[in-house]
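Structure record follows, encoded as structure tokens.
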Amino acid sequence: MRLVNRKPGRMAALSLGALPFVLLLIAYLVASGLRLAENPDDKLMPSFASIGAAIHQVAFTENPRSGEIVLWSDTWASLKRLGIALGASALIGLCLGILIGIVPYLRAALAPFITALSMIPPLAILPILFIVFGLDELSKVMLIVIGIAPFIVRDIALRVGELPAEQLIKAQTLGAGSWPLMLRVVLPQMWPRLIDALRLSLGAAWLFLIAAEAIASTDGLGYRIFLVRRYLSMDIILPYVVWITLLAFCMDYALRLLSRRLFPWAEAGARR
Amino acid sequence: MNIISVRKLWKTYGEQVVLENLNLEVKEHEFVTIVGASGCGKTTFLRMLLGQEAPSRGEFLLDGRPLPNEPGPDRGIVFQRYSVFPHLTVLENVMLGLELDGRSPSARLLGRAFGSRRREARERARAMLVEVGLDAARDKYPSMLSGGMQQRLSIAQSVICNPRILLLDEPFGALDPGISSDMHRLILRLWERHRMTIFMITHDLREGFELGTRLLVFDKTRLDAQAPDAFGATITYDIPLNVKGNRLLQELDAATARTERFREEVELA
Amino acid sequence: QEKKKFKLAWSIYVGWMPWDYADHSGIVKKWADKYGIEIEVVQINDYVESINQYTAGAFDACVMTNMDALTIPAAGGVDSTALIVGDYSNGNDAVVLKGGKTLKDIKGRNVNLVELSVSHYLLARALDSVGMSERDVKVVNTSDADIVAAFTTPQVNAVTLWNPQLAEVMAMPNAAKVFDSSRIPGEILDLTVANSDVLKANPAFGKALVGAWYETMAIMAADDAKGRAARAHMGEASGTDRAGYEAQLKATHMYYQPAEGVAFTRSEQLVQTMDHVRKFSFAHGLLGEGARSADAVGIAFPGGKMLGNARNLKLRFDDAWMQMAAEGKL
Amino acid sequence: MRLVNRKPGRMAALSLGALPFVLLLIAYLVASGLRLAENPDDKLMPSFASIGAAIHQVAFTENPRSGEIVLWSDTWASLKRLGIALGASALIGLCLGILIGIVPYLRAALAPFITALSMIPPLAILPILFIVFGLDELSKVMLIVIGIAPFIVRDIALRVGELPAEQLIKAQTLGAGSWPLMLRVVLPQMWPRLIDALRLSLGAAWLFLIAAEAIASTDGLGYRIFLVRRYLSMDIILPYVVWITLLAFCMDYALRLLSRRLFPWAEAGARR
Amino acid sequence: MNIISVRKLWKTYGEQVVLENLNLEVKEHEFVTIVGASGCGKTTFLRMLLGQEAPSRGEFLLDGRPLPNEPGPDRGIVFQRYSVFPHLTVLENVMLGLELDGRSPSARLLGRAFGSRRREARERARAMLVEVGLDAARDKYPSMLSGGMQQRLSIAQSVICNPRILLLDEPFGALDPGISSDMHRLILRLWERHRMTIFMITHDLREGFELGTRLLVFDKTRLDAQAPDAFGATITYDIPLNVKGNRLLQELDAATARTERFREEVELA
């Protein structure tokens, strides 16, 4: 049987999927072991024991000062920011993307600007962004939005452009004006695309969140990483990174499930 | 006045001349069937009628005025490659045209119907689905339908809007004879009732002769073996047909009876 | 113009942690209430960004070093007053070599440091002290967050940096400290700087800040339970613990008493230091593209002493506020 | 005529496209004017005159120390890094994306790992990256690759999954094994998708470039921006950001033209 | 031995029974034509033969062994919705099968032919294009072709590989009668020469009777108006046809002559 037709079973798929993670873990253990053998105080690749101790500290011990468990309060603060930013970006991306994708005049007016916007490295113009948006929660959310919304807009606009012309013509012969056309024909078909775009931009969203929190914040996962980074406390940074990755991974998975559940027609057409 | 007037129409794609010097006058409530060799430009002609393509040269008039260069609800279409909306179920696909009906504010604002208008649209769509034999599949998505079912869905979707001009591009090509003659009856009934003007491309000569009030043959009059694209097709025959609606319906019934007889014969064999 | 609400920006560094304690323990609020104003103390993690924001007008006061006070707000046309001279670096900044014994070994090496920061200044002073100049090394800009990790790579064998990164680097095998800021005492100052215009219109703001600061100093300096708790708080807020924080304090010469600050501000040494700093800054283009000489920006000291262009006075070392604290007039 | 059918002419499109930029410029001029009226030395939003002077300084005057013109040497250094990184990411993205998209066993083994990889904020694990890739050019290129390659891989894999099943089946009935199938059917159809993906990740690529150059570097556009950020030289940062945006915009445009020229079949099908 | 054996085959999609209890034995070199109502499961049957779908129950044997559950070069297909490769020109589309021919190392490694093999593939593809009337369009991309041209391209692409079993799903539905009978001749010639086994779905009963050596009718034997999906279709008639290759070719020529006559008559009118 050809490789492209051979499909692993459920269990095989799970264990195959776990394999690279296990390999990575082993690689880490070996490298860390070697480094620690040379210098027992090495902080760059701490042993699992010291990572475990650090995890115990941040994830299960109340901070005596605030009475909070650091990891959870950080997670909560970060997720709130991320959630708002993702929601806003999705909304902007969907609306502008559809408009740019389907209204030629808007495309002419906005596509070059959005393209340019998406190319501006937001971290280079931080001082101006902070002056415009202030230094509180809004600015953190805005940094993420500025970071990922242009991407989503452009992705959705591309996808709208890929809709077959026949569909749009057919809808017009059925009496659809521009607005109902967008609402009933384009928008519903863009939902699964939006979820794809969100999934693809999750990594960037976390990146911007962390950058924002590293610059001006007093809590959040990114803040904590920034705080302990100057001590090279990899025993805290590594579990935080793994935790962030895990959270993002779960969000990605949840979005995929959501897409499958809500838009069965989209799955039916394609192969995957 | 003539509903459609075509004068000295040319259509080229790059170097290739597809249609050349086409002239045609069509009156309201004609049923024009179009036949011609594959690739000679029949679909292109329909696409121009739809406003999807612009003529390269010549005039294309609707009611004496230049054809609007965009599709509109006055001209319905069934594409050759059945195109339905993948994200709507069969029922929703058929209801779409009724929901988009431009007169109500909810249609203009949301492209949807509510309350009694919605119920009514639903009823009409269901009735249409029964007619095209898709009622059982009404909750399926298009990707789960067979080729012929998609084709019927596309027909149902277009005809339910009762456009003034109906463009059909090989609409019954993927249908078996039984369902095909059901569809003939449906189209003829709508044609009579709403006094539509119909353009239908077909490869089934018999169908062309039987359904239409007028048969157009598209063909090239000149050919250059060295440069096959140098000359385009035009209307080489324009044949008025005399069989009219009701009479034809009877003939169709007779044809169906013949099919039934065949069936019985086979059963005896 | 007069106003009631003020904002102070601070960032995490040993000499500025008292602001966090002052904020959390309510000392700032107490002093603000006393003068009938409101002071918001905002932590900004990115040090440069905090100064940039202050310079752009988002804050009325901010913590920074003497060099950055000259090159960012002052050179940027924001008339700034150094209210509080909190401390000077007394070993908190250092040049560290990998596999080298003396500063002379630095010749020809790549030196990783935060370019145009006090580290850069320290390196210049260090090279000066052994008759070398910046041409003898190659400076590689490296952000302070990454410098410890950078030192772990084989490519990096010379760094200039400050605490707590310094301590982390020193903990690594074969790291040798070849020069530190205790060799140039009183040159790297940690200040609390406020906008002069705001201060002029609202002296209450300055008074409240100075009052809160020295109350905190008193608590912090004490070797009692409260003092220990305060230092523990500061350590924790800076990502370490009390021991770690106290280790950093050892290399910091704190002016716990306002009088010490006053004395230092009035000293001739400050003038000399700022002269070094402005020359260094000018040589590196830090006074702006338009600056024709080190005199472009004027610096004022107590007692009418002055450096540079008197018509463009933008940085003022003012002992009056600390003096009030020293005299108990707040 | 419906909005969706109304197409602006060439000139109209150009001027519409320029409009938002002009508006932005005006907004800047007004804001900058207001700020400068208050403080003539304001550095946050310098006047065009001082920006012009700074441009003259960096773009047309030789640096007395090095004898180089700063802007050009920075640009050259950055473009080299970016070019190598984009090339490598495209290659990785194309190969892995196709493999993951079409070989179920590889999908099971690698898709979760790549997803996880794409979620790791690379800036948080810099110390480990330093150990693995060192601190010189390689590490800068690798940071960009780590930043954008997982995105491209995932995007291409999604796109491969959208190929109609009929095509793959047809190719197999024509005798294609797995490998020729990828080579002759999947790969050629992914080229325009790859260009789309590259275009969408240009912004992120520049972002990572700038971040990489901020870490340990002696030249490059990102280096300069971070350096002069130390004294809030927006008169240099702004032209640099505009320059970066312009470069990225041109790369985007060039890629789009390239795609149109090389893959006419892709444009023919879709509407845009 | 029988090339295809189907025993007690069922196919269901969720609740819906599409095919029930199908039994069929087909010998090598048979030409099986399949007719049946739209949506009754003909394409589904072909898809199972192809290995694209797995039977829900029952056996599907090829040469007495279970059918490989993946498509292979022994079974060629022309899909109902013509599927050609959008990124290849017409000529490249037809050459693809020859280039992929698994025996040469360059085909295995690169999926391409070089030198003389390439020239030969080119020649054969051009010859095939002439036969299906697409030589003039050989450098066009599929999106620039008319529906019938795409259909012919798809046929050319599949038959040039001479598969052992050829599956045709309404291959001539989009073609005009003239080109259609050209295609009939082409298929019959290949069928004779390469002794293929052919399964062809058609809605044109005449075509089914004329081309095949055996005609299968798919239909539901039971119907429940309440639950239209509860029962599936099966083979209700299996009719051996006696007209054979050469004789049929003559008949087709006669039919073409009739069409020509019609043309002349029309011209006189």
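Think of it as A, B, C, D and E in the order they're written, each chain with its own count starting at 1.
In the analysis below, a contact is a pair of C-beta atoms (placed from the backbone, for glycine too) under 8 Å apart; a residue touches a chain by one contact, two chains touch by 3 or more.
Just so it is clear, the structure is predicted and the values come from calculations on it, not from any experiment.
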{"item": "Result of counting contacting C-beta pairs for C-D and B-D, higher pair", "value": "C-D"}
{"item": "Repeat of the A-B interface, chosen from A-E, B-D or D-E (over half of contact pairs identical by residue number)", "value": "D-E"}
{"item": "Distance from chain D to chain C - Cα centre to Cα centre, in angstrom", "value": "38"}
{"item": "Geometric centre distance via CA averages, chain E-chain D, whole Å", "value": "47"}
{"item": "Chain C and chain E: spacing of chain centres that average the CA atoms, whole Å", "value": "83"}
{"item": "Sites on chain A at which at least two other chains make contact", "value": "2, 5, 44, 127, 131, 164-165, 172, 177, 181, 232, 269"}
{"item": "Multi-chain contact sites of chain E, meaning residues that touch two or more partners", "value": "70, 81, 144"}
{"item": "Multi-chain contact sites of chain C, meaning residues that touch two or more partners", "value": "52, 56-57, 148-149, 152"}
{"item": "Residues of chain D touching chain C in the complex", "value": "39-44, 50, 53-54, 57, 126-127, 130-131, 134-136, 214-218, 223, 226-227, 229-233, 235"}
{"item": "Chain A residues touching chain B - in the complex, by the definition given at the top", "value": "164-167, 169-177, 179-181, 183-185, 188-189, 263-266, 268-269"}
{"item": "Of all residues in chain D, those that touch chain B in their complex", "value": "1-2, 5"}
{"item": "Chain A-touching residues of chain C, taken from the complex the two chains share", "value": "12, 42-46, 49, 52-53, 56-58, 144-145, 148-149, 152, 164-165, 168, 171-173, 233, 236, 238-240"}
{"item": "In the complex, chain E residues that touch chain D", "value": "50, 52, 70-73, 75-77, 79, 81, 83-88, 96-97, 99-102, 107-112, 141-144, 157-158, 161, 163"}
